[in-house]
Every structure is written in C-alpha cells, then in structure tokens.
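Take a look at the structures below.
In the two complexes below, chain A is the common chain; its partner is chain B in one and chain C in the other.
Up next is the complex of A and B:
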C-alpha cells in the first residue's frame, strides 16, 4: 500500500496510484473528474480532483475515489439509505426533507412494502421514514425520488419503512463506532438503530422499559461527542463508560 | 515574518467553515459555506444550468455598507469562476458564503478595502474546500503596497497602507494563472510588472529568474509560499479527520 495521498482541487491523480486491474473499466467516485486534452495523436486523459480529500482506491472493484470532509452536506446518490422526515403529503406523494434548506424529496404513497390503494401507511407531518434513494433525475432542478421497497422484490430490505418511536440525532456525514455501546446496553434490552447517509441516526430503545429515554439520550450523547471531538477507538470506549456512569445506567 | 494561521471545519452546523488570521495586517476572518441549498425566489433564472454563488461580508462592529458590497462583488466574480456549478447536485442551487470579520481594525469609511481582501479570499477558499464544493483550482492572494520611495511592501498594516502610493491585490491560482488583480493609486506599468512578479513569488514560492540567469536568493521555499500554506492547512485537517482510516493502512 502506498503512502496516503491528499489531493486538492486541480491536482492530478498520479498514474502509480491508480489500480492496475484491467479486466473491467476504471470507475470514478465523487470528487474526481476526467479531463481530455485533444492532441495530434488521439486525446490525452488526466484525472483531476475537484474537491480536497484523501485518495482511496479499491483494486477489486477497480474504483478510485476521493474521501472528502465528513461535515459536508449530503448530496443524494442512487441507492443510498437515508432517514427522511415527512414535510407534507399530496395525492400521490409524501414530500420529505432529507437535508435542511433543499428541495423536498418525493416518496410515493404506494412505495411501501405491501402497500395498495386501500392499505397504505398514513404518515403525518414530522414522522420519519428509512428510505432508499431511487432516482436523482437528470439535469438542473430535477426531483429526488425515494422508495421504501426494493422495486425488484417488492420487499422492504434492510429495515426500510416508517420509523416509529425513537429519536433522531444529527451527526456528520462520516460514520462512528457503535459496537461498544451495544455490549454495555444488552442487559437493558438493547436498542434499534438506523443510520442514514444524510448524517442522521435514529435510535429506539422501547425494549428498555422505564429507562428507555435515558438509554436513547445516552446513545445520542455518545454519538455526538465522538463526532465532535474526533475520538480514537480507545477514547471512544472511555467516553461510553463515562456517559453511562453519568446517567446512572451502569454502576 | 510570521505566517498566517488558519483552521478548517470549526463550525458544527455549517456545511463547511474556516477561520483565517493574518498576523501582518491583524485581520481575522470566520467564513461559513452552505452548499448546495435552495435559494429563496428565482435567483437562478439567468444561468439555470449552474450554481449561484452568493457572498455576504459582515463587519465585526457595524452593519455592512458600501465597502462590503464592493468586496462582495469581487469575491463573487472570483469564486463564481472557480466553482464548478455544473457538478451533480449543484445546478440551480445556491452556494452561500458568509464571511464575518471577527478581529482586526475596522476599515473606516473612505479607507481602501483592498487591505482586507486577501484575508477574505483565503477564508472563502478554505471554507469552500471544507464544504466540499467542487472547484476547478485553488488560489492564494496577497496584498502589496508601493511606498513613496518605490519599495514594495508585503501585507502592509492599515496605517502603512494609507501612506502607500499604490496598493495591489493579486490572486494567483495553483496553476500559476493570474486570477485577480485589483490596483489602487498612482503607478506605472513598470511598477505594476515588478509588483506582479513579487506576488507570483509570494504565492507560488518560485523566485523568478532574473534576466542574467541568476536566481535571486531570499524568500521563496516551497513551504513558505501561500499556496503551500493552503495545502498544508487542508492536509492537516484531512489527516485528523481520517486518523482512524490512516491507522489501518
């Protein structure tokens, strides 16, 4: 593995950092673009960065992409899982908010598992759904469409659908470690969690009976502090213990 | 000479933010970028295929006035050219940049606003990078003053700038293009050419070879250049954000 390489906008990706697997075409991830320079002998291609970030390559899938800053705004991409909030509903669609201050994403009234004209979820303003980005449209000002079923099977894979109860926490678009909390809270009934690519985490601990609220808040605090302080693995374990003690969840 | 101080992603709720302090002029700027977001009203009608860049400059102690409007216009035209407004998710959306002047002397009415322009440009660029707005290139900017005796002074303080015969702000891109030139006062073409060469050497860290083929010694190592400074600041932030990932490698 070569040394980590940080690129800035307009930097070229050096040839020796590209995966050498030639069986399938090279795929570009976000933050990179291809520029062609027509010359006498065909054209000359260079890959340049458009954002600042860490260059990562995957030799197996033959991809090259740029990991940008985790605090950025989420831009909908097909097949991403997101947590969306219903803003209002119209005849055919629920209008959902994926990120603040952007146009609403559309979620079909019938794109739920087993939904038909007669039986479909009646979601009210403010309710949450765990959905998948179905299409982002073409061209300027296109609408983002969400779905809560896998269109091929008609099943809600991976827990898609309305999220009832629980609480949502905002984290940065990068992700954090959770397994430590899971171990510590098993005795209290465990918790359910859904993570959206748009920087939202939904937590539900209705199994924990009387301490449900406490557990939810403890998890939220752990997530947000880990995120804000950029903690390492051993610091994260310390933080989990500290917060659980503070909230008198473990002795 | 003390170099500038900058850090990225300081604000939690903004999509991208940066703070920049220039010790020579004393200005301290906090910039925040939100992008891509939906703009109120139809401000995108002129160029529906591209993102609209909006810039707001807020002075620390007073309301924004004519001077702020003037630099907002300069910033908007520079940034509008380097932002790739046709990338996915950006057409018909807005890139909103807010720059707050949080430290340094107030620019009095009637004073030159050029003194603060390089600091604003740097804060704007770093905030854009922090918000992952697609850019075609990076740049760095510098302020140069020409005194009565014809000396070229780098980053003059507001009082020194008042005494200067002419003031020049240059922004040089990472590919060595001249992106912006704002000049004020009385000067001749020869002076301007000298100032430009000096600006390129400050931004790029490349000392231009003089006519007899000798390379003049002095300031101009790669790390001392302003473009190098921008790169180091961004690299530091990436390394700290992805520390968990780099440990694995």
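Up next is the complex of A and C:
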C-alpha cells in the first residue's frame, strides 16, 4: 500500500493507485467519476474525483472509493443509504426530503418489500423511511430516485423501509462512528440504529422499556459530541461513560 | 423556500415523549441555558456570541446626524436585524420573513422602548446634531432562540461600545478622533434581557432556550423581558396554544434568575476585555514618537 493520497475535485486518480485485479469489474465509491473505460488491453480506467477526500482502494474487492471529510452538504450518490422524510405523496411516488431545502427525491409507491397496489405502505407527511439511492440522473434538474428494496432480490436488505418511533439526530455527513455504546447498553435491551449518508442517524430503543427515552438521548448525545469534537477512540470511550453517568443509566 | 424544513413525526413525538420524562435532547434541565460564549472583537462594540450552536455577530456603530423634528433633544438608536442565507438555508438574502419581523419587534420593544440606552444623552446640539447609534445583528448560524442571543449580544455591545467625544464650541460641533480624546461610553440606564420559554403538552412542560428542533415541536412560546433588578419590561404570548397563567408567573421568577446570571457573566467578560485594552492601549498610543500602528498583543 502506497502513501495516503488526498485528491481535490477534478484531480485524476493516478494509475498506480488503482487496483490491478482484473477478474472483477472495478467498483466506484461516492465522490469518484469515470471518464473513460478501458477499450483495449493496453488502456486503463480514467477516474476523476468530484469531492476532496482521501483515496482508499481495496484490491480484493476491486473497489476504489474516496473517504470524504465531514461536510454539511450531502450530494446523493447511487447506492448510498439515506434517511428520508416524506414531504407529500402523488399517484406513483412519495416525494421525500433527503436534505432540507433541496429538490425532493422520488420514492416509488411500490418500491417496498412485498408491496403491491393493495399492500403498499400508506405513508403520511413527516414519516421517515430508510432508503437506498437508486439513480441520481444526469445534468441539472435531474431527479433523484430512492428505493426501499433490492431490485435483484425484491427483499429489503439491511433494514430498508419505513422507520417508526425512535429519534433522528443530525451529524456531519461522512461520519460513521459507533463503538462501545452497544456493549454498555446491552443490559438495557440494546438499540436499533439506521445510519444515513445524508448526515442523519435514526435511533430506536423501544426494547429498553422505561428508560427508552434516556437511552436514545444518550446515544444521540454521544454521536453528536463525537462528531463535533472529532474525538479519537480513547476519548470516545470516556465520553460514552461520562454521558451515560450523566443520564443516570449506569452507576 | 422561506420556511424551515418541517420536523418529522418521529422527531416531534420523541421530543414530546422525552419532555414528559423531563429529559431534553441535549441532557439539559428545563431551566438551563446552553453554554454561552461571548467575546469582543478588536474594535469597540463588536460582539461575537455563541449560544449552543446559534452564532451571532453584533456591530454597534455611531454617526452624527440631525435629530428628528419632533424630538430635538433625543438622539437616534436603531436595531437592525437581518437574516441572511448564511444563517440557515431557509432564509433568503434581502427578503424579510416572519422570524425576522418577530425578532426585530421583540428586540425593539425590550431594548429600545424600555429606554435601556438613554437617547437624551446622545444629543449634541438641540435640533441641530445628535448621535445616531446603530446595532447591526448578523446571524451566522441558527439553532433556535435568536431573540435571547441577539438581546444579550446587543446589550453587551452597547456596554462595550465607545463613541468619539464631541463638544460644542461657539455654536459649532467638533467631533474629536479616537486618538485625540478618550472615547466615551454610552449611557446605559438598565440592562434588560429577553428570556424565551416554549410550552409543550398543554403547557405542562415549559422549557427555556429551546433549540431549533424543540422550537419546531413546541405548541407556543412566551417571551419575558426583564432586567437585573426584576422590572418586567416586556411580556408576550403571541401565538400558539394558551399558556397557564401560573406558569407565566413562575417562569418570570426563573427569567429574573437567568437574567441576573447572564448579566454577571457578560460583565465579567466585559471587564476582562476592558482591562486588556487598558494595558496595551493608552500607554503605547500616547507616546509622542510612536506614529506607527499600535501593535496588539
């Protein structure tokens, strides 16, 4: 593995950083764009970055992705998991807010697990769904499409679908940190969590009976403070203990 | 898009449920403010204030103008609050929205109409010239409760501000530069602050200093303007569902405590800043051979 490489938007990914395993098709993560595909044996992929970030590659799975930095603006990318809020519904689609004050994303009325004309979920304004970005369209004004099923299997992989109860916490996009909490809170019934790439985390602890609300808030505070203060593993553990004590969840 | 994005059902229900158990999203007690961080810029009357994630900059400025015809003895004082797209994506530049009108009104009523700044002391020459003091409020980041934050910042700015000295000689007004004469502090008669409460669950739960999410889930708000001595100079209950009368009486006492606390905190920062200025300021500036820029720090 070569030295870490930071790319800026429009930078080309150097050839020697691309995985050389050719048995699988090359898979791209968010923040990268393909400019040309190899046409003959000799040529190579030409990739450019669309966001600033750290280049990471996985030779085994033949993936290239860009580890972007905490960011308050989310740009939808295909295959991202997001937490969207229903804004209104029309005949064929639910119009959802992925981030406030951006164009609505479309979620098909039938793109839920096992949904048919009769069994489709009736979602009201303000309800939340955990969805995957299906397509983002090309050019200005293109509509973002979401889905709650895997089109190949027709199943809701990874807990996709409507989210009921619980609470949503806002964090920077690109942040996915969770540790320690699971262990500490196991005795209270554990918790359910859905992480959206659009900077939202949904938490539900309805298993925890009477302390459900406190546990949820404790998790939310841990996440937000970790995010704001950019804590390292050691400090995160301390923070978890501090907040749990503060909320009187552990002695 | 002039409206803040709506809260999801799950969030609203959760906030209400949590309040029923007396817990707030950030672990605060119902009567706790978020951490207040106040600092002053290099110039007099430049205040930076952070209340949780709400971030505000206030700039006080002064100029000499003609007083109004009907009030020849009074100076002018204006509060100018503008919500720019910087603070929240819901706001557009150059377009007024409800929050702006609402907050400006409250600030006007609490600070201006209660005569916190003695406008008569701003008169230089009757009917001819007076000082016009202007407070510009800029919201840099918005996470609820801008009225309280702006109120604290403006009051701190007014106490921090120094206007150039002006005298009348043979019927002519002479304004001395900051280098020529020590600038003068404004005449503050009292220090009123606003304390905003939000009510939930048929006004069973009343909390102070709500964040944006809490504000959106609330059913109504009560704004109390009160000074350190305990004089209530403003009370409003504009919209939303009715509030319990006893709650208002009780919360006025809470507001008084809060205003006393905040005023003490502001005073502390103010004194520290003035002491720092006194140390570096005059000794260097008054030296005759020193016509270079005064170095700070």
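The rule is short, and it goes like this: the second predicted complex is superposed on the first by the 180 of 251 C-alpha atoms of A that agree within 3 Å, B and C clash if a C-alpha of one lies under 4 Å from a C-alpha of the other, contacts with A are read in each partner's own complex, and residues count from 1 in each chain.
Quick note on the criterion: contacts are C-beta pairs under 8 Å (C-beta built on N, C-alpha and C of every residue); 3 or more make two chains touch, one makes a residue touch a chain.
For clarity, every value in this text was computed on a predicted model and none was experimentally measured.
Chemist: On chain A, which partner's contacts cover more residues, chain B's or chain C's?
Modeler: B
Chemist: A:127 contacts which: chain B (first), chain C (second), both, neither?
Modeler: second
Chemist: For A:25, is the partner it touches chain B (first), chain C (second), both, or none of the two (neither)?
Modeler: So A:25 meets neither chain B nor chain C here.
Chemist: Taking the superposition as given, does A:101 touch the first partner, chain B, the second, chain C, both, or neither?
Modeler: A:101 sits against chain B and chain C alike.
Chemist: Quick check on the superposed pair: does A:85 touch chain B, chain C, both, or neither? Answer first, second, both or neither.
Modeler: second
Chemist: Based on the superposed arrangement, let me know which partner A:165 touches: chain B (first), chain C (second), both, or neither?
Modeler: second
Chemist: Where does A:8 make contact in the superposed view: on chain B (first), on chain C (second), on both, or on neither?
Modeler: First partner only.
Chemist: Is A:75 touching anything from chain B or chain C once the two structures are fitted on A? First, second, both or neither.
Modeler: first
Chemist: For chain A, give the residues common to its interface with chain B and its interface with chain C.
Modeler: Touching chain B and chain C on chain A: residues 101.
Chemist: Which residues of chain B touch chain A in their complex?
Modeler: Residue list for chain B touching chain A: 8-9, 12, 15-16, 34-38, 48-49, 82, 84, 87-89, 91-93, 129-138, 173-175, 230-231, 234-235, 237-246, 249.
Chemist: Sort out for me which residues of chain C touch chain A in the complex.
Modeler: Touch residues, chain C against chain A: 1, 4-15, 17-18, 21, 23-27, 89-90.
Chemist: Touching residues of chain A toward chain C in the complex: what are they?
Modeler: For this pair, the touching residues of chain A are 85, 97, 100-101, 124-128, 163-168, 202, 213-214, 216-217, 220-221, 243, 246-247.
Chemist: Which residues of chain A touch chain B in their complex?
Modeler: 1, 4, 6, 8-11, 30-31, 50-54, 67-73, 75-77, 101-103, 136, 139-141, 174, 228, 230, 232-233
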